[in-house]
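Both complexes below contain chain A, partnered by chain B and then by chain C.
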Partner chain A sequence: MTRKGFLGVTGISAAVLAARKLRSVFAASGPAASPPVRWAMVIDTQKCLKKAGCIDCIAACHKVHNVPEIKDRAHEIKWVWKEPFKQAFPAQETAYTEEAYKGKPFPVLCNHCDNPPCVRVCPTKATWKREDGLVMMDWHRCIGCRYCMAACPYGSRSFNWVDPRPHLRRIDIEFPTRTKGVVEKCTFCAERLARGQAPACVQACKEQKALVFGNLADPDSDVSRLVRSRFTLRRKPGLGTNPEVYYIIG
Partner chain B sequence: MRDRPLILGGLIVFLALVTFPVWYNAAAGTSSRPPQLKLPAGQKECVAPVAFMKTSHMQLLIDWREGAVRNNVRTFTAYNGKTYNVSLTNTCLDCHGVQARAGQADFCGRCHDYAGVTPKCWNCHNDRPRN
Partner chain C sequence: MNGATRIWPRVTFWKVVFLAVVLAGSYATAVRFLRGLGASTALSDQFPWGLWIGFDVLCGVGLAAGGFAITATVYLFHLERFRPIVRPTVLTAYLGYLLVCTALLYDLGRPYRIWHAIIMWNPHSVMFEVAWCVMLYSAVLTAEFLPVVLERIGWTRPAELIKKFSVPLVLLGVILSTLHQSSLGSLFLIMPAKLHPLWYSPLLPVLFFLSAIGAGLGMVIFESFLSWRAFRKRLEFDLLEDIARTAAVVLACYLVLRFEAIAARGALRHLIMPQAETYYFWMEVALGGLAPMLLFGIPRTRRNPQGMFLAAVLAVLGFVTNRLNVSITGLAASSGVNYFPKWTEITVTLMLVAMGFAAFALAVRFLPIYGPVTHASPHAAPPERQRRLHAEQIAAGD
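And now, the complex of A and B:
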């Protein structure tokens, strides 16, 4: 074989190999991406307030996730809980709201923010934002530093100061408990969404229908229709966290 | 010949010292025999070939964990085509029985006690009730 011939053959082989590689790269990005998902919740507070004293959503959530009931407020753990208007919507407070909403607590939970400050500060990526918008927790990675708790302006995160197991009246074995030294919060029921079920709180409120959950990226979903047709508030919008839990007040 | 008691005595001490580990283990009730694992009744196959499970079940569990929690992959297709729900308690223990209670383990705990391994998973992951 001549030198020229040899160089020709190597050149062509290299080109063929490169072309194959390129094709596999393009093929990998080939299949159409699944439609976008942005999980969000709309809370119709009028419907919620109609059933005074109802805690069905809290009870359901705390039962399926083994959230302990600890009386000592310094140690308490909460995923869904209630706040008076003043605490839930401090920016909307007027001289009259106190009287208007006296004894009418609003359900609050993790807002699954679009711009979550807890995620920015977590040093181990134990909390991160999924592509579908869920602010997820990985309890295996949590080192209990509590930066996320300091960063969250909604108090949505709780720290296990004590072993939660002795404080559980009943353990649902399907979902792991947590242990002393980790932070926890609502995950929009990632484990139920994966099975195609609605979050436990939404399920529990299916008669009152005060909690509506769905895909905000889908213009035909119930949540999309509600946020487009009703006036809604979000908690502490001025902080730029972009909460994805919307409240219909009036 | 006069040294006979000395030699015999020395031999006895020597033998006692050499065989000490055997006596010690017998007295302490431990043994070098592998643990008697209680395999799930009526089941033939694990989620992976048994040789792989023996050596790499911890790696498989980490893969399951990362898959489920971080990548939202909650079903696992096994080598034999069966699909399993990715869950430590709801899948592994559903088949392998009670593990976490001290001294009562059927399977994982029995082997781990023998091997001197103490996974911290049971601090959070629940045990099966015995029925």
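And now, the complex of A and C:
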């Protein structure tokens, strides 16, 4: 091939690529998309703490998602669980926090971060972020490398170290069970949202109303009003993950 | 095959050890694949990566770095003097990568889905890069090693054909190794809040790359000495001396960067803090970094076989300590749990290493690793005498 010929072919190829790119840009500015959705949760810890020892949200979640009950702490699976203040909000405590919140556990779950490290590190896209902010998982795609667990700063991910099925007391046929060797976590109840229902934990907390769930992109939603009117904390904000679970502390 | 003695080798101490290790490792393998990671490891959600990642994968890849360094020296920089050590070095690298591939199958939760990374791409993931580098560099090493096997079985034509592609293969090897060695360090960049400040640094990829070259060169020296002891091969002492000198420079650069990285993050105070991490740090950096650098760097110790061997062992051990520190020691405090590998993890690792040694010995015996094919002659000089001769040569500075 001559130099001239080579340059010609390169030029034509570049022009074709550019034209295709342009077309996709114009296509994107077509008919308006549906209104934006950004699912988020606000947890009013004062309301939550009022009912000491309550684990309704955990029980409801673990029941509908076939989360096994494994006694061994090293192998347990948890979608929603409780942590003391210091573990939940490190570096956000004062000298008196310990005394104020002694023995008072805070409910924690996957934060469905805006900038989720687990999504970035997964080699097979077995975990990914949806347009509406949900951080999802495909248990058939997961190869069990556990990099997402190493990357998640919140400990929100559990690995099936043992076969979970013998540890299920009752199987809900509406939701898949998992096999040993894959990672799992809270999905913000994507399957219930699709049916127009609130997440199972929120549903279980109907009386206390400590858990509020909604669309943060809608300025009139309950979550939007709460985060705009109350002072809230997020877990480990310094890491730049932008959690979408907000905590009202005082 | 001349007689039963060739088929049933003499029983020796190391053969008994090897058999015991393989038996224990096979049992552990059965536990791993029948009962899963929960039954076979001390890992937990708080501590998801352990010995198999820290040693088998991180060290297996790192110790293979001599492979690309020496092939580049000969094929790209045309320092032909080093050609005699190309084949044993490529063999070491190849075995290192086979160790890594095998260890990955043990460590993955769903090992038979390992191919997912080939079609389900996430180019943002460092693990994706690691997966591709393992695959591609294993393929390159296979192509680099294949001529040795082909020569042995007399297929000279295909062997010559592959050799025609030596330079592109070596180039690919350099590119993929550079990516792979550094990406293993990049794996830990996502954990600034978890990894101890003595090890966390944005320079991790560079540090991993440099330390792998240092340790890879140490491994070349280590393996040459072992081959000399075990197979009575000629010791290319003058070559090793040059490699030792290079290793000293590489280790020096690495150490400067290492302390620079700690200073840049304002973590120098950790160097004298009375904490477990500090002790592990100094064990790694003083014994496995500074000491081999000095031993390699001072001409008197470098010219002394014992001094050089000691330095090589220290460099390799220091490298292994570094990888274990990054992947285990440095993550212990933030995890809130105490991880110590279970017997199954340890025996599987020992078995894989033992198989590496055995494969090396078999390859040396049956393949033209050191020079062209020579069928072992029963009339050669008695081994003890030969060994003494070489020792005298070395002592005379030959």
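We take it that the second predicted complex is superposed on the first by the 221 of 250 C-alpha atoms of A that agree within 3 Å, B and C clash if a C-alpha of one lies under 4 Å from a C-alpha of the other, contacts with A are read in each partner's own complex, and residues count from 1 in each chain.
Keep in mind that, in the parts below, contacts are C-beta pairs under 8 Å (C-beta built on N, C-alpha and C of every residue); 3 or more make two chains touch, one makes a residue touch a chain.
As the structure is a prediction and not an experimental result, all values here were calculated from the model.
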Partner chain in contact with A:K47 - chain B first, chain C second, else both or neither: neither
Contacts of A:P176 with chain B and chain C, given as first, second, both or neither: first
Touching partner for A:A190 - first (chain B), second (chain C), both, neither: first
Touched partner set for A:R130, first chain B, second chain C, both or neither: first
Dominant toucher of chain A (residue count), chain B or chain C: C
Which superposed partner A:H75 touches (first chain B, second chain C, both, neither): second
Which superposed partner A:S158 touches (first chain B, second chain C, both, neither): second
Where chain A meets both chain C and chain B, residue numbers: 179
Of all residues in chain A, those that touch chain B in their complex: 130, 136, 138-140, 171, 173-179, 190-191, 194-195
Complex contacts: residues of chain C adjacent to chain A: 36-39, 41-46, 48-49, 107-111, 113-114, 116-117, 120-122, 124-128, 130-131, 187, 190-194, 337
Chain A residues touching chain C - in the complex, by the definition given at the top: 73-76, 117, 120-126, 141-147, 149-151, 153, 155, 157-163, 179-183, 236, 239
Footprint of chain A on chain B - complex, ascending: 65, 69-70, 72, 74, 88-90, 123-129
